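In the two complexes that follow, subunit A is the common piece, with subunit B as its partner first and subunit C second.
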Partner chain A sequence: MKRRPRAGGPARAVRHERAAAGRVRLPWARTVFWLYAATLMLPLLWMFGMSIRPNEDILGGFSLIPERVTFENYRTFFEDQAWYSSYLNSIAYTTLNTVLSLVVALPAAYAFSRFRFAGDKHLFFWLLTNRMAPPAVFLLPFFQIYQAVGLFDTHLGVAIAHMLFNVPLAVWILEGFMSGIPREIDETAAIDGYSLPRFFIRIFLPLIRSALGVTAFFCFMFSWVELLIARTITSVNAKPIAATMTRTVSAAGVDWGLLATAGVLTMIPGAVVIWFVRNYIAKGFALGRV
Partner chain B sequence: MSETVAGGAAVAGERVGPGGVAASPAPEEAAARPADPRPKNNRAWFLVLPVVVSVAFTAVIPLMTVVNFSVQDIFSPSDRIFVGLEWFRSVTRDPEVRSAFVRTLLFSAQVLLIEIPLGVALALAMPKRGLGVPAALVVMALPLLIPWNVVGTIWQIFARGDIGLGGWLINNVLGINFNYTLDRADAWITVLVMDVWHWTPLVALLAYAGLRSIPGPYFQAAQIDGASAWATFRHIQLPRLRGVLTIAILLRFMDSFMIFTEPFVVTGGGPGNATSFLSILLSKIAVGQFDLGPAGAFSLLYFLIVQIACYVFFTVLTRAGR
Partner chain C sequence: MALVLDRVCVRQRGENRLDEVGLEAAGGLTTVIGPLGAGKTTLLRVVAGLTPPTSGRVIVNGRDVTGVSVRKRSVSFVYQRFVNYPSLSVYENIASPLRQDRAFPKNGIDRRVREVAALMGLTDLLGRRPAELSGGQQQRTAIARALARPADVLLLDEPLANLDYKLREQLRDDLRAMFRDSPGVVLYATADPAEALGFGAPAVVLGGGRVRHAGDVAEMYDRPPSLDVAATLSDPPLNLLPGVVRDGRIECLGASFPAPGAHQPGRGVVLGVRPHQVTIERTGPGDLAFPAEIRLAEVTGSETFLHLLLPGPRHLVAHLPGTRRFDPGEPATAYVDPARVFVFDERDGRLLAESAAEVDLHG
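Then we have the complex of A and B:
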């Protein structure tokens, strides 16, 4: 750990002002980080390697570099309707869930950050507790309810079911951001004659743009990777990709190549989402109050 | 995010205990935030209503059904007997449940002890500008974006000694005999390493966002005082990370304590019961044996333990450093 040199003079101090923001200089740290990132990628690269090899090569023995390269698995994926339609199902309900979670969580987060009301403390913690229900037993009533109300095997059904854990998280993250925005803005807008909905859409939402990006990423992520609930309340029309992947286990053994192909493809939508919100995360979540 | 979430956590903290103030090194902030400036307005309930309705639909009705299971002995849908708290008694006395509880607790403790410091360290080391930023963010986010059963499958292959790179390296390069399907310790290590691989990026991303929100003048002040890197971290960065770390610790605790899909795919709870966590045992009782009564009671106790632990974490973390 090195001591940072003191600023040499006013001019240097000014130059440092931007350079110093947000960091402590540790010269070897960046190298260690990229080494870690490379290690992190190893299992993923291995999976990619499996996806472009024939099954007999995968099981035939260990080899670092694939001897024979084939894109047969990718062709199978995009030609077999069961595969690509479940991929689209996952994208559909995940997107729907992200939108619904945000729409529902925004006013609630605003209420928690701006007002005190009867039972607010309990309500806030109660929301969080819903992330903690162990799924194994809760799945059975889920199945019954979604069948009873006609949401079984629909994209909307899965999207609503996933709100169970995404809405509390969204409220939690958004409330944190909103509390960072000075209340004076609300008051000024009210004096200027803005109604609450108009103020919220025209002024407040643009202010918390980055919060929306970050929250959307987390909602998308948790809905995308969830399997147990999604599988329980769907059969064909809204079947998630992760459930279709269990199909690769047959009497003839596991089709590792196809499984790896599907695994590689499941990473793409999320990678696209993180690409869009990268600036929001990189800029930090600081707003107001600094 | 630290800044704002610390504020959020402080607001939430005020709900837990009276008179909370954001724990922040900036005195003007403390002054600007008296006990609770929010006006009291019960009409705010209308804003929370959609959340309450949607969550009630997805949470309360299933919960009631599970409570119903837990107090009955169910032979068939039409033939059931009320047994009171009998299932709760038998579940808490079951040695298998007790050992799974200890195992799960140990696993969560190890996960938190490894992932939180490692995540913060990675966040400190991540690039701050240039093309490295999006590259690092995407790389770190990738493990989070893989469906959980696929994570299990990846590691099932990767850790195999014969055809997986990870297992092969340990066996042939390090010369250690490693087989997660036979050796209890190896199975445990595989599941633990998998979890660290999978979830440390979440902590790192949250901490990174928190670090990026610390205003530059704080660092200049530290620099002028000649603070060491450690002192800067301890007194400037760490306190400002409290908000995001609260989220990270709670999420990691809940999810590791309820971990199911990944170990289920990789080890299936074995060898023996080496990685048989509470959730795996529960699904064996509920889905495998279809004993809804004990499974219901088990679920409720499980739910309660996670809630109490989270409440303790939440309270301690929002009050720490005041």
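Then we have the complex of A and C:
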């Protein structure tokens, strides 16, 4: 492949050249990649194929290309309140969780990154240990407490429960990024007369934009895929989509088509979030310590 | 405008960063000079309010501001490493302190930003982000931001140390002109004697967290009151030779000259010789002569630094004009005019006398 110099000035061109020079050519790389991608994509394509054909065809034949295409399953999904409302429930508590986790984690991460106080390192470690406990441990306490305070079966309740493991993660990621920002920036802002909240919003947050994106992505993802807690502390009003998916087993057998439809739709929000933070993901895994 | 530090102490992790520092600075430039770790940065941070003093007071224009928050003080600060807001353009960086200052008229901001930008040669760069600038441009942006707001105290912490040589020279000249008629107090910290001498402003010599001396910098250079001050103000570093008082003379590595004043026999002294006072040709009959061996000759173009090994073994550096060739291992004789030697007390480092010549003059 012929490499054309990209726009963006000589500096970028030089960096580009250097990257190209350092790259090793592997003759089979392309083939291996597509093989791997196909292996990953096959189940997804299969699921999509199932969602657009009637149940008889799913059980009857075995082919990737459907003979009869129908959107009946999608119609059922969006007409049956039990289905679409649980889908919206999941989106609601996941979004709520992401926002709340960030709001709580930002000041905490800032404090951990900027201030030294008695027991700060222990506190930071303790926060992380919350992620080490299996979620099942917290099931009963959550169930009882939520019954008592009226958070049972509410979006807010699920969002708060998920913060248990999302806030430590968010603090951890954000702290790494924040510690990469020189403290002199904070001091300069103080000297310039910025109040702390004003500095935080005007100067600091724009500097850790990528961290915000990555953290939001992780919070969203963990909350979205979590089933155990979400199912236990909800019954109807905040029931997650994954719990509703277990409903497809009935006396008449399994409604495969509808199940596949729900599966396809649950992947969409995640894909949307990834699209927005795709440029930051690599940085995010380096946790700011690039 | 006046800044007074009253016995300021800063202790951090069991160490005295600043020890009973007293200082008075009027409007205009004051240089704070000291070697690495002398406490220059800590001193500036205390004045800014970024580091609270353990004890002592900071007084600006007669008002005790010791406990006042940084945000409420009228100070500007320029760091050694270029600190700008990366997410804002150069224009917004310079405007930022003005926008935060309620007393500054909103409609005057644009004019002020352009004025300061022109002063620092940033007019064409106002739309750029700091990351798109060279080091010198970034530091000029930082200085412009500090200059934009009329602050009571402007603090510069080795602002030119990270810049390349040419740019440093040019900026130094610009800054000197700028600070000369500054109404506020300007504290300029540097480790470079050439900067302090170049500014020609009143200087405060710091060492080990203490004020070693304060006063006119040229006077201090000519007649350093102590070994610390002489060493701080000498670049290339001061040569130190051991000596001892015997029979009214000072003996040093086999050479001797009349002692300045009457001193107890057997008293140990340290002789301080600036490298440019060392020659390898005899210049006068009274010269002290030291047999030496040439170890290394560093040629910078217009000058040559000759590293000599004296018996002892003692190291001596001679700063010679012009480019000259020497072979390592070659024998040579180092000559020092005793009139150019500073004699310091070995124990407390105080200057005993500027030179032997002075004693001779006074009989």
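Just so we're on the same page, the second predicted complex is superposed on the first by the 243 of 290 C-alpha atoms of A that agree within 3 Å, B and C clash if a C-alpha of one lies under 4 Å from a C-alpha of the other, contacts with A are read in each partner's own complex, and residues count from 1 in each chain.
The criterion applied here is as follows: contacts are C-beta pairs under 8 Å (C-beta built on N, C-alpha and C of every residue); 3 or more make two chains touch, one makes a residue touch a chain.
None of the values given here were measured: they were computed from a predicted structure.
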> Looking at the overlay, does A:195 come into contact with subunit B only (first), subunit C only (second), both, or neither?
Replying inline: second
>> Which chain, subunit B or subunit C, ends up touching more residues of subunit A in the combined arrangement?
In response: B
> After lining up the shared chain so the two structures overlap, which partner does A:65 touch, if you call subunit B first and subunit C second: first, second, both or neither?
Replying inline: neither
>> For A:133, using the defined touch cut-off, is the partner it touches subunit B, subunit C, both, or neither? Pick first, second, both or neither.
In response: first
>> By the touch definition at the top of the document, which applies to A:227: first (subunit B), second (subunit C), both, or neither?
In response: first
>> Quick one: is A:184 in contact with subunit B, with subunit C, with both, or with neither? Answer first, second, both or neither.
In response: second
>> Just checking: does A:207 make contact with subunit B only, subunit C only, both, or neither of them? Give me first, second, both or neither.
In response: second
> Which bits of subunit B are touching subunit A when the two form their complex?
Replying inline: 1-12, 15-16, 29, 32, 36-45, 47-48, 50-52, 54-55, 57-59, 61-63, 65-66, 69, 122, 124-128, 133-134, 136-150, 153-155, 157-158, 162-166, 168, 197, 201, 205, 208-216, 219-220, 223-224, 226, 228-230, 232-233, 237, 243, 247, 250, 254, 258, 260-261, 278-279, 282-283, 286-287, 292, 295-296, 298-299, 302-303, 306-307, 310-311, 314
> In their complex, what parts of subunit A are in touch with subunit C?
Replying inline: 182, 184-185, 187-195, 203, 206-207
>> Using the touch definition from the top, list the residues of subunit C that touch subunit A in their complex.
In response: 48, 50, 69-71, 73, 75-77, 79, 81, 83, 85-88, 96-97, 100-101, 145, 149
> How about subunit A: which of its residues touch subunit B in the complex?
Replying inline: 1-4, 6-7, 13, 16-18, 20-26, 29-30, 32-33, 36-37, 40-44, 46-47, 50, 58-59, 61-62, 64, 100, 103-105, 107-108, 110-118, 120-121, 123-125, 127-138, 140-142, 144-145, 160-161, 163-164, 167-168, 171-173, 175-180, 183, 214, 221, 224-228, 240-242, 245-246, 256, 259-260, 262-263, 266-267, 269-271, 274-275, 278, 281-290
